[in-house]
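Below: one structure, written as structure tokens.
All chains are identified by letter, namely A, B, C and D, in their written order; residue positions are counted from 1 within each chain.
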Amino acid sequence: MFLLNAPIVATREVAPGMAVVSMEAPEIAASVRAGQFVNLGIAGPFLRRPFSVYRVDGESIEVVLKAVGVGTAELLGMRPGDLVSCLGPLGRGFDLEAGPRSAVLVSGGLGVAPMPLAAREARALGMRVTWVHGARSARELCSEAEGEEVIFATDDGSRGFAGTAVAAAPDGELVLACGPNRMLAAVAERWPEARVAVETYMGCGTGVCLGCAVPLKAGGYDRACKEGPVYRAAAVDWASLPSHLPYAVTA
Amino acid sequence: MFLLNAPIVATREVAPGMAVVSMEAPEIAASVRAGQFVNLGIAGPFLRRPFSVYRVDGESIEVVLKAVGVGTAELLGMRPGDLVSCLGPLGRGFDLEAGPRSAVLVSGGLGVAPMPLAAREARALGMRVTWVHGARSARELCSEAEGEEVIFATDDGSRGFAGTAVAAAPDGELVLACGPNRMLAAVAERWPEARVAVETYMGCGTGVCLGCAVPLKAGGYDRACKEGPVYRAAAVDWASLPSHLPYAVTA
Amino acid sequence: MTVDMSVSVGGLRLRGPVLAASGTFGYGTEVPLLERRALGGMVSKGIFLRPRAGTPPPRIVETPSGMLNAIGLQGPGADALIREYAPLWASWDFPVLVNINGESVGEYGELTSRLDGVPGVAGFEINISCPNVEQGGMYFGNDPHAAAAVTEAVRKRTRLPVWVKLTPMVSDIGVIARAVEAAGADALCAVNTFVGMSIDLNAHQPRLSFRTGGLSGPAIRPLAVHLAHQAARSVRIPVLGVGGIMRAEDALEFLVAGCTAVQVGTATFVNPRAIADIHDGIKAHLETHGFSSVADLPRYLPRD
Amino acid sequence: MTVDMSVSVGGLRLRGPVLAASGTFGYGTEVPLLERRALGGMVSKGIFLRPRAGTPPPRIVETPSGMLNAIGLQGPGADALIREYAPLWASWDFPVLVNINGESVGEYGELTSRLDGVPGVAGFEINISCPNVEQGGMYFGNDPHAAAAVTEAVRKRTRLPVWVKLTPMVSDIGVIARAVEAAGADALCAVNTFVGMSIDLNAHQPRLSFRTGGLSGPAIRPLAVHLAHQAARSVRIPVLGVGGIMRAEDALEFLVAGCTAVQVGTATFVNPRAIADIHDGIKAHLETHGFSSVADLPRYLPRD
């Protein structure tokens, strides 16, 4: 785990309102694995804000985001050279290992975030990658999905499959998913063994506050920032995740 | 009184670490009088920060400042086009009227702030202006002092008179002064009728909170933001102004 | 759809749910930027029977997301208030309540008698965060008996609405709330400022000349929402929420937590248009969510 | 000049005046970035005799300059703590105190007996902000008798240092402070979090599943400084200041206000190096001002 003052390098748009921000964080770039995240300290909000690492480019790491509140808005407004305090890599990622011959990546909305790194690691382990990416409409699809096979799904049918990414996805030996919790619950129904990246509110990001509780089927709570954010889909007690909050809706 | 989102126009240095920030605030530029101030809303600090209006240039107003804390630092870091919430003009200024033939302006450090406007108004009323400007050393003198006669004073004698601005000043029919409270107390000793611009902590700047109390010789307290910030030097109970605080040390 | 913004609270019908809080709005003669149409009502700066000079400077200190104040209830006293301000209030199109203060139960009563019936005085807000000089300087508001005694003394002397402004630093605000309800209060205001201190590291002493001050601003909002909610759960009379309201969302938190109206204080210092902005924001929220009045808003208010 | 950063507090000699606060540092096995040399000591996450699952999510909400938490004292219970963590602590070069909790006086006592003498446990910090299940769920910390009873129960069962962590929402913290001092506490910690609430405007209910949570962070600092100061004025035993310390200046405010040491909590979430930064900043301040030790710092502490 490293704590760096990372200079912003560049920002690019990948869908209307959705942008990739890259920052120079050599130690993190060198060590991060797919599904891990960084906790960013931004001037406005009090607490840090967690973001999956999207890509690594030399000494830089990238995160992808939309403005949903004060922290994301400030991050998107930063200019090259501005510094962001970057803590990471954090959490347990997808932990890919050699074995499966094919991987299906299922992402909804901002759930694209951990997928480019996952695709890279899966390929490096010799897997064939199918990436299924869903959004409400064609406009909101991230322009950077990639894989041996890419399947788009839109709720309104304006591009690709008309329906959810989960419905559009083929089966695979290994399924990785990220998106709103209700989507992940659907993933758990279909592929109990899928590995899913869960979103929670976080206090510390480092395992000390117990704020990021993920309810487990086996009872009790795990820390999303430490034992997670990636879980076996069947291990999570999806029904006990808050439903009345705009929680994990960033996807 | 106006509340404007004023775009920063430019920033220029007038002494090491001391800069003039100009912002577009047409209604305020058109109506402000010497000694009045604006209360600026800046992103970082919770409360607004009061600043004397330094000059007026067309539709812009200028303020002069040093970084002494979070608000001043942020203001100095702002770039052209950035917006600052500008409330003003506030308070009662020097209220110059025709009559005296000569005016002596005495300023210590950042006490230069209200003087350029005061010099302009005094001249417009036909007065001859002598400006005495003091600082710790030549380096810290504001480069923009002006008048029919300009006298510099430095504590270390590195430029002009060796000693305080008060000691260096000639007598005049009208004396206007601004600077640290201890300097103003000395002004009050020498020229009880001088008009002095006092600094206090402020809550609202508009007269509703009673936070900016100025102790009066006559007893009780005045509001620096409403009845002040300019007072007849002899009217203020200088001994009751806090002495143990870094209060009115910005000058 | 037009939204009905009016509310009935503690004996008054107000055209809107947003009031100006005591001590942050003077006597209503300043703050020219505020759009008055948005003002549901106003509570005057706290007043004592006799004039008070207040505390020496410094009186305020900024803190993270808030400020401490120790004004010391500077004010002109009842006679000057009646002479100079009440006649203005009498012509305004929103009610002005007077925030009343005393050092003894008797003083509260006397002040009420003096002000009752004066045109322009629409009601009383009792500030029980005053030290009870007769009982060793403990706040009236910390003791249910003392709080009730003050309320009763005021209640007996007026038929105008009597609101009681609660002190936050108590172990169970419900006990105080019930005590002053029983003593005849028409509404409660929750809450006043929290006692705090800030230290000057060069002087090695408090920054405020009075040593301690009252903390206001968004820093206290979560605490104030909780206390207002607790108060609202404990009584049948309406509660006005106060504490750290900067935006319409903040005011809505208090309303959903069981308050009937809100008061806005420190926000006005930061944004002299705050009350109008908050009023308009509440209206927009009600419209967006399809509620036809403030009273329509769903309340989260399990009863004790 | 070398500055002596060590302090003596409540039966322990610490190499520095900055400790990690309970619940914000786990069991000391995380936070790898912290430079341990700076750590005066650590208080473990609050523990009950038996394992506790804690509250369902959401457990935290950000607020202006602070956060609410409702973790529900999730923890593995005494046996697991003794098995898994105490052996590690025994080898560390700073003392670890256990933050102990209970639903009855008896439970506090039993937990103390269980932990007393376990290598690695250097002392006890009693969390009296627990609901007293036997007495209708009121906090032990709100009632001087209940607070004293818990302190006595712990004191009787151990010779290790016993610190009592005070609840902030009381009308007179001095009364509680004196009660637990008389009951045998070696030091006081002031203060725990303040109860707050945050409302979700779409769901029209509290954001936290537990409805209320404890407010921490710089928002509460002026309140905590005041309460720590009040506590320090009321007793002879040392007081540790806690609440909203982010930087060395904040810690120094507590020290000047009469505290002997400080605890840092939420700051660690924002800056995992906070404790080291604060320790170093205090040292630099002492050097700059020519003080040779922490004890040398002038105190503003008029006695009650």
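Convention: a contact is a pair of C-beta atoms (placed from the backbone, for glycine too) under 8 Å apart; a residue touches a chain by one contact, two chains touch by 3 or more.
Predicted, not measured: the structure shown is a model, and the values here were computed from it.
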Fill in the blank from the handout: Going from chain C to chain D via touching chains takes a minimum number of steps equal to 1
Exercise for the section: Sort the other chains by how far their Cα centres are from that of chain A and give me the top one. Expected result: B
Completion exercise
Here the gap between chain B and chain C, centre to centre from mean Cα coordinates and rounded to Å, is 36
Fill in the blank from the handout: The distance between the C-alpha centres of chain A and chain C, rounded to whole Å, is 46
Exercise for the section: Report, in whole Å, the distance between the mean C-alpha point of chain A and the mean C-alpha point of chain B. Expected result: 53
Exercise for the section: Hunt down the residues of chain C that sit against at least two other chains at once, touch-wise. Expected result: 61, 63-66, 205, 217-218
Practice task
Identify all positions of chain A at which a residue touches two or more other chains, and write them in rising order.
Solution key: none
Handout entry: chain A - residues contacting chain D, complex
Key = 1, 3, 41, 45-48, 85, 87, 200-215, 219-221, 226, 240-242, 244-247
Problem - In the complex, chain D residues that touch chain C - result: 61, 63-66, 68, 138-139, 142-143, 169-172, 194-199, 201, 204-206, 212-213, 215, 217-223, 225-226, 229, 244, 249, 252-253, 256-257, 285, 297-300
Problem - Complex interface listing, chain D residues touching chain A - result: 23-26, 30-33, 45, 53-67, 69, 71, 74, 200, 202-203, 205, 207, 209, 217-218, 266, 268-273
